Amino acid sequence: MVIMTMTSSRAFLPVLERIAEETGRTPGRGRPADYIPALAACDPRSFGMAVAELDGTVYGVGDWRQPFSTQSITKVFTLALDLAREGDELWEHVGREPSGNPFNSLVQLEYEQGIPRNPFINAGALVVTDRLQTRTGDAAGELLAFLRAESGNASLGFDQGVAASESQHGDRNAALAHFMASYGNIDNEIPVLLDQYFRQCSVAASCADLALATTFLARHGIRADGTRLLTRSQAKQVNAVMLTCGTYDAAGEFAYRVGLPGKSGVGGGIIAVVPGRCALSVWSPGLDERGNSVAGVAALDRFTTLTGLSVF
Amino acid sequence: MVIMTMTSSRAFLPVLERIAEETGRTPGRGRPADYIPALAACDPRSFGMAVAELDGTVYGVGDWRQPFSTQSITKVFTLALDLAREGDELWEHVGREPSGNPFNSLVQLEYEQGIPRNPFINAGALVVTDRLQTRTGDAAGELLAFLRAESGNASLGFDQGVAASESQHGDRNAALAHFMASYGNIDNEIPVLLDQYFRQCSVAASCADLALATTFLARHGIRADGTRLLTRSQAKQVNAVMLTCGTYDAAGEFAYRVGLPGKSGVGGGIIAVVPGRCALSVWSPGLDERGNSVAGVAALDRFTTLTGLSVF
Amino acid sequence: MVIMTMTSSRAFLPVLERIAEETGRTPGRGRPADYIPALAACDPRSFGMAVAELDGTVYGVGDWRQPFSTQSITKVFTLALDLAREGDELWEHVGREPSGNPFNSLVQLEYEQGIPRNPFINAGALVVTDRLQTRTGDAAGELLAFLRAESGNASLGFDQGVAASESQHGDRNAALAHFMASYGNIDNEIPVLLDQYFRQCSVAASCADLALATTFLARHGIRADGTRLLTRSQAKQVNAVMLTCGTYDAAGEFAYRVGLPGKSGVGGGIIAVVPGRCALSVWSPGLDERGNSVAGVAALDRFTTLTGLSVF
Amino acid sequence: MVIMTMTSSRAFLPVLERIAEETGRTPGRGRPADYIPALAACDPRSFGMAVAELDGTVYGVGDWRQPFSTQSITKVFTLALDLAREGDELWEHVGREPSGNPFNSLVQLEYEQGIPRNPFINAGALVVTDRLQTRTGDAAGELLAFLRAESGNASLGFDQGVAASESQHGDRNAALAHFMASYGNIDNEIPVLLDQYFRQCSVAASCADLALATTFLARHGIRADGTRLLTRSQAKQVNAVMLTCGTYDAAGEFAYRVGLPGKSGVGGGIIAVVPGRCALSVWSPGLDERGNSVAGVAALDRFTTLTGLSVF
């Protein structure tokens, strides 16, 4: 094991290179999501990984500069943006507990009277977007502006094709939104909310972009420009929710193997935080049966094993 | 905030004293568990907190040397003892995922064909005890020997009255055990298993004892005598399971507020781990509606806030 | 007990009069539904009951000619109208089993992949309306035409205020419809479907109208004009589904007390069938906690007790 | 269709003969239950059917005199025997509503605080046996005495081998019993209760025996010797519970196809009641996926179709 004790720039590059080399030798990477064409078309052999250090240095290996569909990863940023605005009041509308298995998603929502378990299941993310929309009038626009600022990449944008595809498969999200509306937990008109939601899921960004955009969580709430988005306590909260709820029904498995706050998306991307140290992003489109990138989780597992940088 | 940078002995004593002082001024500490007489008789004003450092130094405040009923806290130790013996095979018989809300306990067990979600819900702890019993012939005895050795307190023992009381209220645990047996996931005779299980829940120990017994998790698997119980990776695993599943249905809340791997018991005790730094134990018998010590969680919350020692 | 052996016209009038007299002396009739204004405004002391014999003779007591909001009672007629058109293919899209308790409505729908348990829970009624809409282009219009023809009351119509109120509280039904659409079990656009559904629920009719409209089920499928709507086997099927699923979560209780195929609505109306003998309709707006008319169920209970005409 | 209008003795013999002949030509009869040896050993080609008329005349076709394992069919008789003793108080300990699908059995029990949905799911039958045991000291003995008296067959007895086999596979029933005991809904010691329960399930009887033993329900509560076991109202109640809950998760389907109160067992037997007319019993060991005899349900379906004697 190489316990990292330095904080000098590019310190993790040798580790990333070793992981990329090992990954290249590993067959069996799962299958890309196939429910929308843009995801199904991804090459399962793609692999990229990037580290962003606290000072904004970013570096990576493989396809670390290639944009991909961020999908649920953006839920972390909308959560932070809304939490920054309304603070603890948010937690009266969405919980912070892991959700158990997928089968329960609807029954839990019913049992808990329209309050989703956490902000990273779809129902909870809809609530967060709804609230951010109410506060800003353009939740997806706020998200995009934030991602552009943190990544320094002004060309980041929505993928209209992906958003349109999501919309075509949007009946389940519409069901969740209407169901929560029946409990009074949605403010906006459902079509407006769904449009905002599908657009934010459609953002295309690279590992480099996402690692940089995630660094505020490693800096305990401080943005790239030195201003504070979240209090230290709020940053800790977001990291805690990522660790306990960030990887669908495999949060326990991810904590056990990787041991870092993380959030995955069905586009095959994952972001992770080493609090006080750096942010990570990895991408490989092949998914396991629970919707997490096979090579992505393996790469993060190797990263914490090789560096000893798990939070545990 | 006082960010702790020293590792010198008794470094946290001022923080503990401040917490004890604040706790003393705080009314409203919940109610002790009342389903068995020994717990109901506890004075809700009791409060103790102890820190054990990596070198075995232990110190505390308040009632930190008074024994109390450890209850579910012992699940951490039986998990470690069994994991040390059988390794990953254990995870074929019990999962590592948070369980969602309490209502689901039985339906999840049915849905997942007799494999409990994690080792800290009752069903999962029964499986762990069953497997340790098969491997040792005396699971509760193994546990007691381990606790005595780590704490250096040879007088630790089972509380026969508590074990007998548990047994009288044991129908739900018997139901769980029989249900899992119907899926072939229990090896021992149910009465033998329940006897072992109720005895291990009945261990009486103090904050000092428990903090010392937990230190092997802060030392990445190394016991007090320098021998290794768990591999570094296994110690990380146990910490991860504690963080995601250690406080009943409030694991997300605990991660959010405290940000440390922890495990609570209905006797009002909690243990927590600062990996690479120290182990903590706190006790106050008044519980919140989810079964966690009100003053205990508050004290740990203050500890990580004052020291900045959350894992996040 | 007065075992009825005659089939002569108006044979049940003395029984109805006795029931009305007893009901008048009974206090405590539950509370009208209050989720829409038109229902909340009903006088809980209203009570009417009518019998329609096989030859079309209809008579009654109390407010038996006063129109009320039929609500879910119309689900019986849309079921019959669709079954007459598509036959057994319908049963590939909706089940025929009781649904257990209300809490399960959504989880069952998820567990059974978008196929509702039966045509009388809301999800199932939406499927039936969807299919009738596909086959006719105007499901609600078909229903109205049928009710007018059977009752001989050309003034029957939709209550636009009730339909509008339902629409305002329609989020849960929209959630169900979108959820089933996500499984491919809805053909029409959701707003079109919901509009049809809310209109059919809004039909205002009297006990006299409904008893006459139900008589085809007592005649084993034969309409008032002598033409056949359903085969004898299909009429038996509809009666069976009414008995096992017709009174929300109280179907077992209704079978136990009344022992007739029946269907209730939250407007306080109930229809019931004595196969081969007559059809009944009763109305009183006060509901029990499961949504069935308190005085209505009691009146039917008395009817079968006094006449011995339960199917059991 | 042959609408039966006579009540003369042996009136249904031609219908039975026709059904037997049709059944003989039908391949595909499902598979016998295989969880205990005695059931697995049954020849799936076995078929018997018997009718018992109100006057005690009994006749049949095929293997109608061959004893088979009655299993859950006996739940009807223990229900009647306990209801006769304690009346409506029973319904405070067990419900009368269909249970939805099998997946819900445990969650419903939890949701409804240890009160089973109805007397025919295993949990409910355990409660009935428990209560009959409390009232008689020998529930299984009471059952046997009743069956011998009604059938006139003094050689009826328990099959010790079947009871022993059931006991070996009894973990799920033990789980249910302990779970209900945790809610205070079981009076007797669990091993005593389970012994009584497995013995009553083990009774071996023929179609002739069972048709005769069921006749009291066709006679509205009157036993073979002319004494009254149940009030007319109670007999109606038992018939209603049979219709809505008597065939596991296929009660709706059975009502829809057969339209008679009925109760099946995994030994392949079914009893059914034509109120005021006769009792039926059919046996063929091959089961469908919901645990009901394939040829048995088909034979009853044909019986009501050919005779028009459905209750609907």
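First chain written, first letter: the chains are A, B, C and D, and each begins at residue 1.
The definition used in the following text is that a residue touches a chain if its C-beta (ideal position, glycine included) is under 8 Å from a C-beta of that chain, and two chains touch if they have at least 3 such contacts.
As the structure is a prediction and not an experimental result, all values here were calculated from the model.
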Given subunit B and subunit C, the chains that contact each of them: A, D
Most distant chain from subunit A, judged by the mean position of its C-alpha atoms: D
Centroid distance [mean C-alpha coordinates] between subunit D and subunit B, Å: 49
Averaged-CA centre spacing for the pair subunit D and subunit A, given as whole angstrom: 56
Inter-centroid spacing, subunit D versus subunit C (mean Cα positions, whole Å): 31
Where subunit A touches two or more other chains, by residue: 103-104, 111
Complete list of chain pairs which touch one another: A-B, A-C, B-D, C-D
Residues of subunit C that touch subunit A when the two form their complex: 103-107, 109-111, 169, 171-172, 174-179, 181-182, 190
Residues of subunit C defined as touching subunit D within the complex: 1, 95-101, 103-104, 108, 111-112, 117-118, 232-233, 235-237, 239-241, 243-245, 249-253, 255-256, 259, 261, 275, 305, 310-312
